[in-house]
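Scrolling down, you'll hit the structures one after another.
Both of the next two complexes hold chain A, though its partner changes from chain B to chain C.
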Partner chain A sequence: MKANRHGEGMLGGFRRNARLLFRNLLDSVVRHGPVDTDQGRAEIMNQNFFLHIFPVSVHKNTLRFGYTLGLGVIAFVLFLILVVGGIVLMFYYVPATDQAYQRMKDLEFVVSNGNLLRNIHRWAAHGMVAAVFLHMCRVFYTGSFRPPREFNWVVGVVLFFLTLLLSFTGYLLPWDQLAFWAITVGTNIMSYFPFVGKEMRYLLLGGNEVGQEALIRFYVLHVAILPVLLLAVLGVHFWRIRKDGGLSRPEEDASPSAPVPLPAAESGAEVFPPDTRKTYGLMELVRGRTPMVDRGPEDTLMAWPHLVFRLLTLSILTLTAFMILSLLVGAPLKDIANPQFPENPAKAPWYFLALQELVSYSAFVGGVFIPFLTLVALMVIPYIDRESTGTGVWFHSPRGRRIAWLAGLSTTAVVSLLLFLQIRTGGMRGLYPDAPQWLVDVINPASLLLLYLIVFFFVTGYVTDSLREASVGLFTGFVTALTTLTIVGVYLRGPNWEFFWFWQSWPVP
Partner chain B sequence: MRRRHFLSQVGWGSFWTTVAAMFAGLARTLYPNALYEPSRRYKIGFPSDFPAGSVTARPEERLFVYNNPGEGIHAISAVCTHLGCVVNRTNEGFFCPCHGSRFDASGRVKAGPAPRPLSWYRVSLAFDGQLVVDANEEVKPGTKFRL
Partner chain C sequence: MVHRIFAAGSLLLLFTAAWAAWWDYDREWKRYQGRYHSLLREKTKDEKVRQEIERARPEIKQIVLRSFARVDRCVTCHLAYDNPAFADEPEPLRTHPGILRHHPAEKFGCTVCHSGQGEATTYKGAAHQELEFWERPMWKDEYLQSACGKCHKEASVPGAPTLSAARVLYREEFACDVCHKIEGEGGSDGPDLTYVGSKPLHAFDFTYVKGERTRPRWFFEHFKDPQAVLPFSEMPNVDMSDEQAQAMTVLMLSLTSEKVPPEYLVRESTLRPELAAVGVEGHSLFEEKRCVLCHSLRGRGGTLGPDLTHVASRRNADWLFQHFKNPRQVVPGSRMPDFHLSDAEANELTRYVLSLQ
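Here is the complex of A and B:
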């Protein structure tokens, strides 16, 4: 019998390996050392598949909650909740017009935790729309789309659009009154798209009428095409953050010279001290400035634990918050779809009510032209505003902050005035009962609001001679208009889309 | 043009053409050739079911049928020309609950975003004596069917 390197025979080796089986298995799975040294903390980030999308060390500004507000992370956590919960919901849901609504009732009353799961899927979808939008605002107001990050902003706008589409296709599936009339209105808005609108509607509905074919199409979009697309684009979004040098940060933080103490919570330790001997082996292959000479490299902290534990904390906080919300508040479910009558009023979820208000002025201008223009305008922001000052500073400068206030207040006033005139006069048709349709399309609150924002942009730009500050004004005007119109849609519109004050009760039909 | 440049363009061109053709084929599959939707020619009953001076709502067919004494019968679509919601009828006319369009009793737009008046459909008589409304065929507002 041959002895192995431990001097044991075959049986001895078997006993030894069997005894160490679990240990060896663990060692082969977890390959990093203990995390009680910086070596180990670097290894775990590098060797763990799930952690290796993060850098080994991150700049201290990246961890500043007041800078990011954690919005991107919250949006991603909500997406994970939606994917995991959504897959379980798929086991019970049937995309058939004669079954879908009953399946909702099953989830509500029969399936264990079904109601909770449906609630959290709905509320997390609301939350994701809000979080993605607020994340976009954060990135805009801190000027984080500057080169080299300009394309990642475009990717982000695409992600925002995909989030809206996922949410829209999702609330069509219960086949309740909201679902049926939202498909009807949504696909009809699409048919106003020039040239290809009618064909797009036919393709999306799988025919001319809202029915079984439409339901299965929206189902496949919701559970397969859109999530996969979003995940792929999200991958690009995350990857680009790394390639663009992590999150943006203010200028003064970009070139530190002295060691910076850790935030108060982790007092006692120090961040990486400046190290003038640090070199980069890949310097000939990477773009950007050469390795710093006579200066400390970065004000960085080890990602493990500083970044990873913050992410985990934010994740469980998000999950807990939405769990509590879902235990307390049920997701809306209207009556079963009735193709003969819509509800009165028939309101979309809050994040589409600004759009519903806009199409109530003109289907083409409010439903196609302005949304399309807004998307294009959002995408080109980083190619128009290419100034380099004030990156990483909220609202760019004190003057930028004042312009944001001015834009916010004046846009609120303009929206209120336009709404007042529209309701008082009945709009173009109220003034001139025989007004042709093109006049109704050209002169209405939606188009006048757009005109105001464009004028505001150029006047601010002329006065301040700063594209950045003009953009701050325009973006703030856009956000304010969206918010004001949403409030009008949610609280101030009643049956037949008529105007009612908060305190006025709706007439009983 | 250099030969290697030409060959490179041929290569890339054929690659992208293949990809585009594949997706075009997939998209074509999603474009239905046959529809299994109900007919839009509705048989709505005998003329005697619609007494003179009456207005009958036909929610299934999304129609309002009028019998105007001495003038004949006409049918108005209940589908709003704005974004397709079904309108409610009152004595003054029609109201859309979704975006606030209003129409007078003959379907003309009075207020709101609707771009066109409500459709009037062709009314005719079937061989068995029942009235037929053809929702595929619009007629000029004011056109009435005399028995």
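Here is the complex of A and C:
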């Protein structure tokens, strides 16, 4: 009988391995060493499949909640909730016009936790649209779209549109009046797009109106095509964050810094003293300036536990918040879809209501010109503004912050005034019933608002001589107008798209 | 700081998960099922039933109606609907009145007659009262007769005097069909009424309707004084009494777009009179062959075969004749025995059965 390397016989080896089975199993799964050294902490990040997309150490600014507000992470956590919950919902859902609505009722009344599943899917979907949008605002206001991150901004804009499309396609699936007429209105807005609008609508609906063909198309887009597409683009987005040098941060003095005292909020966290015995090797190639360039590594913290712990905390808080919301507030479900009796008012999903409001002034300006201009502007921002001063600082500078305030307040006033005039006079058509269509398209609240924003942009640009500060103003004006018009569309528009205050009840139909 | 948030968040998540589990577990219908079982334990002496009660676990009960593509879960709470011992208990545990004999629950479910939301398992959700976003709330009292009209298309519906009266009023007293169409018959000056009972609530103009916003209310007010509800209506005010207006309301509510499978429809007989005459010899054959052992006639008889009370409204002479000659050739798998009738006998029996309208 041969002895093994421990000098044991066959039986002895068996006993030994049986005794160590659990330990060996654990060691084979968790391969890193003890975590009381930086090497151990680095190994965790490097060797774990799920953690290896994060760097081993991150700059302290990355962990500052006030800098990122955790919006990207929240959006991703919501996406995970949507994927997991959505897959469970797929077990119950049938994309057929004569069954879909009944399946909603089954979820409500008999499926285990069906209510929670449906509610959290609905609220997380709305939450994801909001989180992605706010994340985009954060990236804009901190100048994080500037080189070398300019393409990742474009990828982000694509992700925002995929998120909108995912939410929009999911909106139809319950097959109630809300869904049916929201999609009817939404796709009608789409058809105003020049040249291809009508064809796009036909392709999406599989016909000229919402029906069984539209339902199956929306379903396949919602559960297969768009999520996979979003996941792929999301992979690129995350990859780019690493390769473009991590999250953006303010410029610092060129001198290698001494150990940095953590911000007050961080005082409980462990700070690692500079280690003179460490040697550094080339770990990966990234463009731009990494934390290592020109200075010691001491502005950085190990990702394990600092980053990972924060991610976990934020994930738990997001999940909890949306669970509580779903337990308290039910997802809306109206009567079964009835093509013969339109909802009045028929409203698109809330994130398209600003657009619907603009379309109500002028289909061309609101449905084509402004969306197209916005899309182009969003895509080219990082190629126009290529400076690096002020990157990583909210609103670029104290003056930028003041300009943002000015833009926000003045745009609110302008939108209110335009809305007031439109309602009072009935717009161009109300003043001159015989006015030609081109005049209505040129002079209406939508185009006047656009004109105001452009004038504001050039005036601030002229006064401050700063492209960045002028664009902070323009972006703020745009976001303010979008928010105001969305609020008007959601809460202040009633039957026949007439204006009603919060406290006014709609006329009895 | 982060540690504290993490700890608080984790605790909150645990609490929320427990809340969600309780929320899902604590269902209204479980209480009714518990009460049913304890009442049943008091009422029964049968040891087997008692054992069944001990073994009973809370469960959703439902009647699946494939031909109506619907599922009625009313019996999840109304467990005693077919148990005669519960005739004096309060709802939801009261025995259903005797009409179930002609309208067995397996065939008609609950909402085919009562309306309401059959998928629901809560009192509110079932639309016992008007429910937002559910277009078919339960109709009560005489309005319940509107349900009969979905299948019973004959002029006089047994057990539904209000509906029957309304049909006479519609055609003879007020001649509504001069202006209005139902299923293609009638004039076109007024709105088509074929599906008027399924018109969504928000499609009604309640501006001038006093009282609650329900369909019965709207119809009633409109019949009493059309111009008071719709100022520009061209409908003549025919001075209806309250009873007449109520009857007409029942008729309107019966005109729904719900799809009724053809085998449920009961129509006026369109048979030639000589065939419809009662075949005396056929009747004696019917007695002789003991047909009532398996088939029932007006509530009397067996249940192995189909109820023959209105069989003539479903089957024609040819079908019946062939079927009597060789049941399994016409209905494969039929359990009806071949009685080896002669052609003459089969003819007589056919004549008799055709009289069962």
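The working rule: the second predicted complex is superposed on the first by the 467 of 509 C-alpha atoms of A that agree within 3 Å, B and C clash if a C-alpha of one lies under 4 Å from a C-alpha of the other, contacts with A are read in each partner's own complex, and residues count from 1 in each chain.
Just so it is clear, a contact is a pair of C-beta atoms (placed from the backbone, for glycine too) under 8 Å apart; a residue touches a chain by one contact, two chains touch by 3 or more.
Quick caveat: nothing in here was measured; it's all calculated off a predicted structure.
Contact with neither chain B nor chain C is seen for A:Glu387 once the two complexes are overlaid on the shared chain. Of the two partner chains, chain B and chain C are each touched by A:Phe341. Contacts of A:Thr320 after superposition on the shared chain: chain C is touched, whereas chain B is not. Touch criterion met: A:Val110 reaches chain C, while chain B stays clear of it.
By the touch criterion defined above, A:Leu333 lies against chain C but remains apart from chain B after alignment on the C-alpha atoms of chain A.
Looking at the shared chain after the overlay, A:Glu150 reaches neither chain B nor chain C. In the superposed pair of complexes, A:Asp98 makes contact with chain C only, with no contact to chain B. Within chain A, the residues touched by chain B in the first complex and by chain C in the second are 341, 344. Those residues of chain A that touch chain B in the complex are listed here as 181, 184-185, 188-189, 202-203, 206-209, 211, 213, 217, 340-346, 356, 359-363, 366-367, 426-427, 429-430, 433, 437, 440, 495-498. Within the complex formed with chain A, the residues of chain B that make contact are 30-32, 35, 37, 59-60, 62, 82-86, 88, 95-100, 102, 109-113, 115-116. Put simply, chain A touches chain C in their complex at residues 98, 102, 105-106, 108-110, 112-113, 115-116, 176-177, 265-269, 309-310, 312-313, 316-317, 319-320, 323-324, 327, 333-336, 338, 341, 344, 507-509. Looking at the complex, you find that chain C touches chain A at residues 1-3, 5-6, 9-10, 12-13, 16-17, 19-20, 23-24, 60, 69-71, 73, 117, 119-122, 125, 133-135, 199-200, 202-207, 213.
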